[in-house]
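Take a look at the structures listed below.
Shared between the two complexes below is chain A, which pairs with chain B and chain C, respectively.
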Partner chain A sequence: MAVNGKSFLIDTTKCFACRSCQVACKQWNELAAEDPVPTNRGTYENPPDLSHTQWLLIHFNEAERADGTLAWNFVRNSCRHCIDAPCKQAAQNTDSITIDAETGAVLFQEGTRNESFKEILRACPFDVPRQGPDGQMFKCVMCVDRVHNDLLPACATACPSDAIEFGDRQDMLDAADARLEAIRPDFPDAAVLDRHDVRLLILLGDRESMHRLRAAPAAADAE
Partner chain B sequence: MTNHWIDIKNSDVILIMGSNAAENHPISFRWVTEARVAGAKLISVDPRFTRTSSKADIYAPLRSGTDIAFLGGMLKYILDNGLIHEESVKEYTNASFLVDEGYEFDTVTGLFSGYDATTKKYDRESATTTWRFQTDGDGVILRDKTLANPRCVYQILKAHYSRYDLDTVSAITGTPKDKLQEVYETYVGSSYQSGKAGTIMYAMGWTQHTVGAQNIRAMAMIQLLLGNIGVAGGGVNALRGESNVQGSTDHCLLYHILPGYLQSPEDAYPTLDDYITKWTPTTNEPRSANWWGNYRKYMVSYLKSMYGAAATAANNFAYEWLPKRDKGVPYAWQCMFDAMYRQAAGQELKGFFAWGQNPANSSANANKVRQALAKLDWMVCVNIYPTETAEFWRGPGMDPANVQTEVFQLPCAASIEKEGSITNSGRWAQWRYKAIDPPGEAKPDAEIMNEIFAAVKALYEAEGTGAVFPDPILNVKWDYFDDPDKISDAIAKEINGYFLVDSGDYQAGDLVPNFVSLADDGTTSSGNWLYCDSYTKEEGNLMARRTRSDAATDVIGLNPEWAWCWPLNRRIVYNRASVDLFGQPYDSEHPVITWDGEGWVGDVPDGGWPPLKNPDGIDNPDSRLPYIMEPNGVGRVFGVNKMADGPIPEHYEPLESPLASNPMGHGQRLNPTALLCDSDLDLVAPPADATYPIVCSTYRMVEHWQTGVMTRWTPWLNELQPEMFVEMSEELAAEKGIASGERVRVRSIRGEVQAVAIVTKRFKPFTIMGETVHQVGVPWCFGWYAPNPDNTRVTNGNLLTPNVGDPNTRIPESKAFMVDVVKEA
Partner chain C sequence: MLVTRREFLKTSAVTAGVAITGMGFVLTPVEVHAAELRKNLQEAVRTTTICPYCGVGCGFVVDSSGGKVINIEGDPEHPINEGTACSKGSALFQMAGGNNVNRLTTVRHRAPGADEWTEMTWEQAIPLIAQRIKATRDATFETTSATGATVNRTLGIGSLGSAAMDNEECWLYQKFLRALGMVYIEHQARN
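Presenting the complex of A and B:
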């Protein structure tokens, strides 16, 4: 059965890490900047991790290809909006994590403050959920308020190079397939990650191991 | 830009060199990406692998300051293999012109003919200069369209660049030979044929060198030879450093020009006739439009705009009232601060307006600038935030007790708090509206100027007959502020210009439709002739237009009804070079203009004259050559006498470099005409100095704007790039025992900065003349004041850079100098 709803297509071969998406996310969702201001840790990547006010983070990774050329790969870390969301399954109450009927967005509600953060975080294959000071959990909300009003998510609106597309799921899958075919001569290892399982479709040019896909595992800290 | 942002999508090959477009002009990558998706190749040439490089098909590293060597190699590749756009080169450039028999480049001394070692200048204006062409008895230039004559430009280029072989270029630049070959083959091979186009996107990475202007000349020559000028997806495209730098330059931000690139008056030309005679070019070339022949019309119309009814034929339209600068004295940015620093306090330069600027951080050798500010009686800083300039007196190393400069801070409106035009790199003047009121007492810049001018004028009036030379002030036409709701419109209309008497279908007081209407007898006004046609009686404010083209009919994306662009809404300049002698486009898939038998269709052509040849193949005497602003009507492959440092580019080392001599094997290490300053703060590391062995460059980044005055106060941006860093290779870090994220100091002979080390694969050591040379890079957007004032923090990249510059532009050499890096104790 075809899955309806919406999806993102993150085309990393078009992303040059201007991070307009990171800023637009905070602007639209009125999320505070990190306080205190983070330091430079020897990388452009900042803030250092996802947080209850940092729902989207671009990871930077330098890697050499087999032919000796250098790759500097940028990839988005944020909620993948799983089709069959393990975080929802791990929740004790059905209304603390909901699925938006129109888009399929996975949404953390206020009730997450009554859930076990440890369990929710353990359930997430992507180390995404983060907890605020009062225990409520936060992550990307697919800007459903915008989408319900026929607007694109803030990140997709801000992207200057169409590296973030958003639309009906089948259209995004078709666009991903077309793009994969087009770049295959230059990127023989190109792939879309977890295409059957998630609504955040990440298209990579280089092999997955040449990207820094996961954030530093916060799961260990939560133990 | 000769072309414009959207036009980048039409390119078959894009060279980004001397720029990091992805980071500093991110919106350009919308169009770069569109070109790539359509199959274009992207080449990134940069000392450092950048976010631009991350998207490139080919990345080639080069040592900072060696672009001419790199491009000289490309010129050799083009000329050796004859990979030129033949018709364009023969018909539309000066490649066939015969150069004066006395002209030469001496490969032993490294000098062009005509050098005077005493003045450190070339003879390029006298009657005996050799930087000129041979002419016949009628003064018409001699040419050989077979390009075989050894004195023709083409053969002179071939001889000059024969020295730039791959081994030599690679030894100078540090670029591996296979990468040089790959770049040359890809760029030239993808763009020299009809129907193919290559574009260059450059910025301060090319300009900020002692050979900055010649870097760009080298590429302009390449583009002319490849037939890449005037065509869609081609051109020479300067990515301007701020969103309205193009507009501010058009309207004469720089000292040497008036609006519309008219020369600013000098004392050597005391009368209007002297001035017009000096600057109006003449030509003996048949079919050259020589558009600058209209100089007098534009200057007189400008004077009428300045002084209104007080400018009359009897008083030479008040030309005498314009300030005159001393001929030969450079009043450029660096020279101004040099003079400010050298003076006894308050003597020559008493006051200074830092208007929307932060020179204490943005200027080369920033320590010297900060000391120079202390020599002023007063300084006015107009900005939306306090800056390191406004607060200089209590900055690092300053003792407030010793600074007598009185500083005034005037708050101004931000871009969204005022109305007006902004002209982008592609020459598009776009109208913006006010969204909200400015906070507090902040005012739009124009209103601040209006208040200051009113006060100055009142002072002159109060002095009455005792006032010294009051005419230039009391007679200025200044009627833009009468209706507070229409200030911006009143100024925009003045810039466009008016008929001052009835003329044909127009009446006195009507806006002129374009600059063809301007007259030299005082019957028209125009604040800037280039902007005539931007605000007309017929169509109102054309800059405010917002109609997008239909992509099906506007294939190359000219979007002629979106905003307005100078000149005359011509979106791609020199577009008559995009068609053959019969007016048919070289690229039929991406035509810019086409002659349909009766007229031109497509973009606004560079003049409406018919094609150079009639359909029967006979030359049409009513036609004009495509480069209408050039006296000879053709593109200058050979620069003749326009450049201070030579008709064609030669590689010279930066002022500070790791090499003790010129690796081209001649005796001239440094550009012999480079601008040098010699105050006690103008310290320069000797060539190949062991104390400062590492090449350094400065740069900007996408997260911060210029010196960071706006962005460091913006927490969402500041957290992305929160502090000063220095990028270095893993190899250099290993030599120095530095780990990524560690705190280090970067030192030049002029100063030092604190920084976090970013150890990266994106810098690699170079092999230069057989030796390993390291390069590092630092941004210049950080400073001590914002967001948390701390005058123990020294973090601005310009504390390291030298006061030395290009002899044509006087821009500082901020992109190549020598440093050392040490771990923080």
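Presenting the complex of A and C:
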């Protein structure tokens, strides 16, 4: 059965890391500035990690390619809105984490403050959930309020390079395939991550873009 | 009805309980949230403007209610940015009055040699600035240059700014500065 609803297509080969998406996300969702203000870590990546007020982060990935040249790739990290969300399965109460019927968005409700953060975080393959001061958990909400009013999510609206597209899931999958085909000469290793499992379809140009897009197994299991 | 920013966004409604409409339908939290946003979008006054930052000149839509700005984002019908924005433009809402608690709302003055700021009213500050401009201008004004050319200028005052001014404000501002005889006039909105 085909999966309906909405999806993002994150084309990392088009991203130039202006981080307009990060700002637009904070602006629309009224998220506070990071506290304390992050300090210089020798990278333009900022802030250093997702948080309960930072639902989307552009990683500035530096890596050395096999041929010795240097790669500097920009990759979005945020909730993948999994089709079969492991975080929801890990929740004790069915209404703590819900799936929006129209879009398929995975939504953390107020009830997440009664869930075990350790269990929810361990369930997430992508190390995305973060906990606020009162225990409630937060992450990307797919701007469902906007989407239900025929607006694009704030990040997709703001993106000046078309690196963030949003629409009906099949359209996004088709767009991803078309893009993969188009960039194949320049990016022979290009791939879409977890295309059957998630609604945040991340299109990577090369394998050097890959790191920090998975929860480290050791970290997830460490107690 | 006045719509506040909080009501406009209804962020908390994503996580609100199930509500029943006047027509008796049971709506899910997402639908409640979306229905309220739709109503507020319809009631808001939509005004177009141009971003005050760099020379690209992106178009923005300002949603306001009762004279209060409740949202700003890229204008999808503007030919330059087609609804998109850079990271500075995406934060434009914070420039609109009263939306950013970190912005100063009073004049602050640090007296020569002092190590701390004191608050001052505009009524005190503007005459003080005017007096100093006049004193410096009077002391440094040149009617002719070293070669005898008529210049009517002062090299004693310069201006840098402001990146937050739009094109028309910049025009007005430099008219004022040139009327004083200033020639060191700069503007830093280039990123």
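Note that the second predicted complex is superposed on the first by the 204 of 223 C-alpha atoms of A that agree within 3 Å, B and C clash if a C-alpha of one lies under 4 Å from a C-alpha of the other, contacts with A are read in each partner's own complex, and residues count from 1 in each chain.
Here is the rule we use: a residue touches a chain if its C-beta (ideal position, glycine included) is under 8 Å from a C-beta of that chain, and two chains touch if they have at least 3 such contacts.
Keep in mind it's a predicted model, so treat the numbers as computed, not measured.
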**OP:** Check whether A:Val23 is in contact with chain B, with chain C, with both or with neither, and answer first, second, both or neither.
**Re:** both
**OP:** Scan A:Pro47 for contacts with chain B and chain C and give back first, second, both or neither.
**Re:** first
**OP:** Could you tell me if A:Thr94 is touching chain B, chain C, both of them or neither one (first, second, both, neither)?
**Re:** neither
Original post:
Just chain B (first), just chain C (second), both, or neither: which does A:Thr39 touch?
Top reply: first
**OP:** Considering only touches as defined above, state whether A:Arg146 meets chain B (first), chain C (second), both or neither.
**Re:** second
Subject >> Residues of chain A that lie at the interface with chain B and also at the interface with chain C >> reply: 18-20, 22-23, 27, 160
Original post:
Contact residues on chain A for chain C in the complex?
Top reply: 18-24, 27-30, 98, 100-102, 105, 107-110, 141, 144-146, 148-149, 154, 157-160
**OP:** Using the touch rule from the top, collect the residues of chain B that touch chain A in their complex.
**Re:** 22-23, 26-27, 29-30, 32-33, 37, 49, 51-55, 57, 59, 702-703, 715-725, 739-742, 756-762, 787
Original post:
Inside the complex, what are the residues of chain A that reach chain B?
Top reply: 13-14, 16-20, 22-23, 26-27, 32-34, 37-44, 46-47, 62, 64, 69-74, 160-163, 182, 186
Subject >> Complex contact set, residues of chain C against chain A >> reply: 5-6, 9-11, 13-15, 28-31, 33-34, 37-38, 41, 71, 73-74, 76, 81, 83-91, 93-94
